[in-house]
Amino acid sequence: MELLANILISAMIAATPLVLAATGELVAERSGVLNLGVEGMMIIGAIAGFAALLASGSVLVGLLAAMLGGALMAFLFGVLTLTFRANQVASGLALTMFGLGLSALWGQGYSGRSAPPFPRLSIPGLSDLPILGRLVFGQDGLVYLSLALVAAVAYVLARTRAGLVLRAVGENHHAAHAIGYSVVGVRYLAVMFGGAMAGLGGAYLSLVQTPLWVERMTAGRGWIALALVVFAAWRPWRALLGAYLFGLITILQLHSQALGLEVDAQLLSMVPYLATIVVLVLISRDSARARLAAPACLGKSFHASS
Amino acid sequence: MLKLEPRREPSALMFYVTPFLAIALTLAAGLLLFRILGKPPVAAMQLIFIEPLRSLRGVSELLVKATPLILIACGLALGFRANVWNIGAEGQFAAGALSGGAVALAVYPATGWWLLPLMSLAGIAGGAAWAAIPALLRTRYNTSEILVSLMLAYVAVLLLGSLVHGALRDPDGMNFPESRLFQTALPVMIPGTRAHVGFLVALAVAGAAWLLLERHMAGFQIKVLGQAPRAARFGGFSEKRLIWACFLVSGGAAGLAGLFEAAGPVGQLVPALPAGYGFTAIIVAFLGRLHPAGIVLAGLLMALTYIGGETAQISMSLPSATTSVFQGMFLFFLLATDVLVAYRPRWIATRPARAGRPLQPPAKVEA
Amino acid sequence: MKSRPFSKIAAGLAASLVLAAGTALAQTKPKVSFVYVGPVGDMGWSYQHHQGLEAIKKEFGDRIETNFVENVPEGPDAERVIDQLAATGSSLVFTTSFGFMNPTLKVAARHPKVKFEHATGFKQAPNVATYNARFYEGRHVIGLIAGKMTKTNTIGYIASFPIPEVVMGINAAYLAARSVNPAVKLKVVWVSTWFDPGKEAAAAKALVDQGADILMQHTDSPAPVKYAAEKGIFAFGQASDMTQFAPEKHLTAIIDNWNPYYIARVKALLDGTWKSGDTWDGIKEGTVVFAPWSKAIPADVVKLAETARDEIAAGTRHPFTGPVNKQDGTPWLKAGEKATDKDLSSMNFYVAGMEGSVPK
């Protein structure tokens, strides 16, 4: 049972950067913008957070810097795709390329430097309970934050006027514009929120999980976050579930090896991508369930002549 | 404030001018970047953009690096024009190298004039087969081809790695993850260099793509599908057939590029074979304005930034990350200046009072 | 203001002239070049080779010139980079990753006057030497320490890819640990990467969760050591001294010290005595060295480790000495028999007693 709790805790830790980045991207995509630059924003968040933490000694400053870094990258993407109406696929790829390069340049002086360990929640009594204690009460702050984020995004999207506007912009930007909403304004906010969350996800790697800065340390997690958004059919709670499943697979694979079971690590690492394709097909094949599928304006530029 | 007005017709002038504008802006930003890095800016620029062109070796390497980029980008451009988004060329590249390479390894050590054509066909088939999956899912279930092709790119690269670690591993290679060296190789064009005939094939493919787009009915259909899908349906074109055609052609081209890379400069299957060509080719396709002639130039230019970046790293210890910052900026500027093709910038001194609802229906601009 | 662009062009021309002059001068001085697979800041494999570059700079001063290229992928680009170094005046090129083997040989055939050295490969040519280090000797020593110090009788091992180099290290560590602690278990997790700090940390955690209280790694990032520090368990550094990442919990590290080899080879180049060959140096030659023993290691264990180290250096001890069977029970080494280098460099099996299996 102790092992089970440990596996679950590890899975949550492995999943948290994905939860953060995927939830951010989900909001951006719900507004109709496909930003393939998640990896680039995450890695900028990772270095920005690490550099700020070392400079200030404050974890909070580090996290804020990571969010700022990610949001600035997303702003750049917004200028290209929303103001200049550039192609979103190409812009996203450019953003990833730029982010990986810039972070490597920026991080040159930070390789091999060590950050202080990240504070963990500890409630006397509760955190010491067997199994559930550490699982529920003994995680680091960002795990709770990521859960709160999912809940908040789910609530805002489904229950609030702001969420309604966001969805309207993503489903039919002309109608939203005709009613008088600023399509471009809403999308800027959504994309920058996505960037901030991707930055935070990157910082989770460099400040909490390792905590170190190394070049290319996101190692493709941005792409997995993108896949998760689709896997989740653009629903926040499903994104959380998808990320946790993914984390669980990763961790189980490591544990099964330590237990001496035979698994092909490389074949197993294909599973998330294949699962995403299967889910994509399932949600798009049935036109009655098309509501669940992609926001109708996803990836399309908007221009209102006025 | 600056306002963008849609042009009635896309500006032909801007269409050709903006790539050069983007290059100029990138150079300017690059000078700034080098200054910040504390490297002599002009000398760094010269190392990147001129030095590789001053020797036969540099030029031949340029052709080697540009070959897969041109091949893949020509195929992708057809699809992009039709609004069919194959962004998984990296996977089709890996699949092509894998299937073509597997043919050579399967008949090893037999060889002959027939082997290279057979490998090439297998490479094309492998790439096309990998691309057929997103095409099938898109036409059958209306599944987003962007995401499926991207996911499959990762699967293909992992598959290549897994097979090179296992079934295709060199039996005499001390268990290291590499295949045997192939018993045959692409003929070299310029003796003493690595420039292989694949470049000529890439040029031929670009020529064929140009003919197809400009002179053939299919090219017209592709354009109509891209610009006005509804008109295409009224015109009686089969959208499904075009999607299939775009994917099979771009997948086949990417597969051939992968096989050329494996059978040419590398000479074996290695896990690191897919070095990002499939993604860089997307940039090349846009930079070349989705036009085959432009793609040839763009492929060469992109190859130059890679090779020049290495030169600058060797002689000036410029960090290797500079190249990707540079390429990212390049694409940013290109995409940003692209707006001038379809829109006219207008400076409006003060914000005009809003005159209620727009009179004409808002124009929809496809990506 | 019009003269501004012109002055820039002039400056550029001047700069290029200076560069050209620099190249001309360089021809009188031999140039030594290095090709790295990772960034010089990886704190592991490439970092240690770069330390070697710094060492020859210090040793030979302005008698030689040096340059290096980092982050060279083991794919189609490697050959061009190596070729460019050879074509632009390098006299000696060190290519420091296994995947550079065939590219190095191809370039060497085109540049018969330039000398090449390829790390960890097995193919030589008249102008291509190969070199590697007997890291398994280091693994033997840390295996002894781990076997003595584990309380749970479980050692965790984070492995990268199932190549002979890595499999050999696992077997060496296990045999040594078992020799001092018959109840010991070695748990291996393969992460299929040389470098992914997030995944390495997750693997470390998985091992700890399954009872490991000492970690070893054959991946390059300091993340597992860092994780050990946080969990309050012991770990061994890899490639470089990683004490700074876990001041209390870092027991020692197997350091790749290429400096003596690089200095010897550059010296041979300058003396005109450079010859191709295959060098496999270890503790004796100072290529495999240890970071200072941690104060946490008890004195008797330090003594055990030092004896082993000194005996290996003196040639009186070999980490693979029979009787050793393979995992499937087939005999491998008879009593007293020592493994041959050929056996070691193509090793693809676990020794008897290991759990799990080598991935195919």
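Structure notes:
First chain written, first letter: the chains are A, B and C, and each begins at residue 1.
The rule we apply is simple: contacts are C-beta pairs under 8 Å (C-beta built on N, C-alpha and C of every residue); 3 or more make two chains touch, one makes a residue touch a chain.
Here the structure is a predicted model, which is why all the values come from computation and not from measurement.
A centroid comparison over C-alpha atoms places C as the chain most distant from chain B. The chain pair with more C-beta contacts between its two chains, of B-C and A-B, is A-B.
Separating the centre of chain B from that of chain C, both taken as means of CA atoms, is a distance of 36 Å. Our note on geometry: chain A versus chain B, Cα centroid distance of 27 Å, whole angstroms. Annotation for chain C: residues touching 2 or more other chains are 39, 192, 359-360. Contacts with at least two other chains are made by residues 104, 108, 215, 264, 266, 269 of chain A. Multi-chain contact residues, meaning those touching two or more other chains, occur in chain B at positions 161, 165, 319-321.
Chain contact summary for the complex, chain C toward chain B: residues 8-9, 11-12, 15-16, 19, 33, 39, 67-77, 79-81, 83-85, 87-88, 98-99, 102, 106, 110, 122, 161-164, 192, 345-348, 359-360.
Against chain A, the residues of chain C that register as touching in their complex are 39, 41-43, 47, 156, 187-193, 195-199, 201-203, 205-207, 209-210, 212, 221-223, 226-227, 230, 244-245, 355-357, 359-360. Against chain B, in their complex, chain A makes its touches with residues 34, 36, 76, 79-80, 84-91, 93-95, 97-105, 108, 174, 177-178, 215, 220, 223, 226-227, 230, 264, 266-267, 269-270, 273-274, 276-277, 280-281, 284-285, 287, 294, 299-306. Put simply, chain B touches chain A in their complex at residues 4, 6, 37, 85, 87, 137, 140-144, 146-148, 150-152, 154-155, 158-159, 161-162, 165, 279, 282-283, 286, 319-329, 331-332, 335-336, 338-339, 342-343, 354, 357-358, 360-367. Listing the residues of chain A that touch chain C in their complex gives 3, 6-7, 10, 13-14, 17, 104, 107-108, 111-112, 114, 117, 205, 209-212, 214-217, 219, 221, 250-251, 254-255, 257-262, 264-266, 269.
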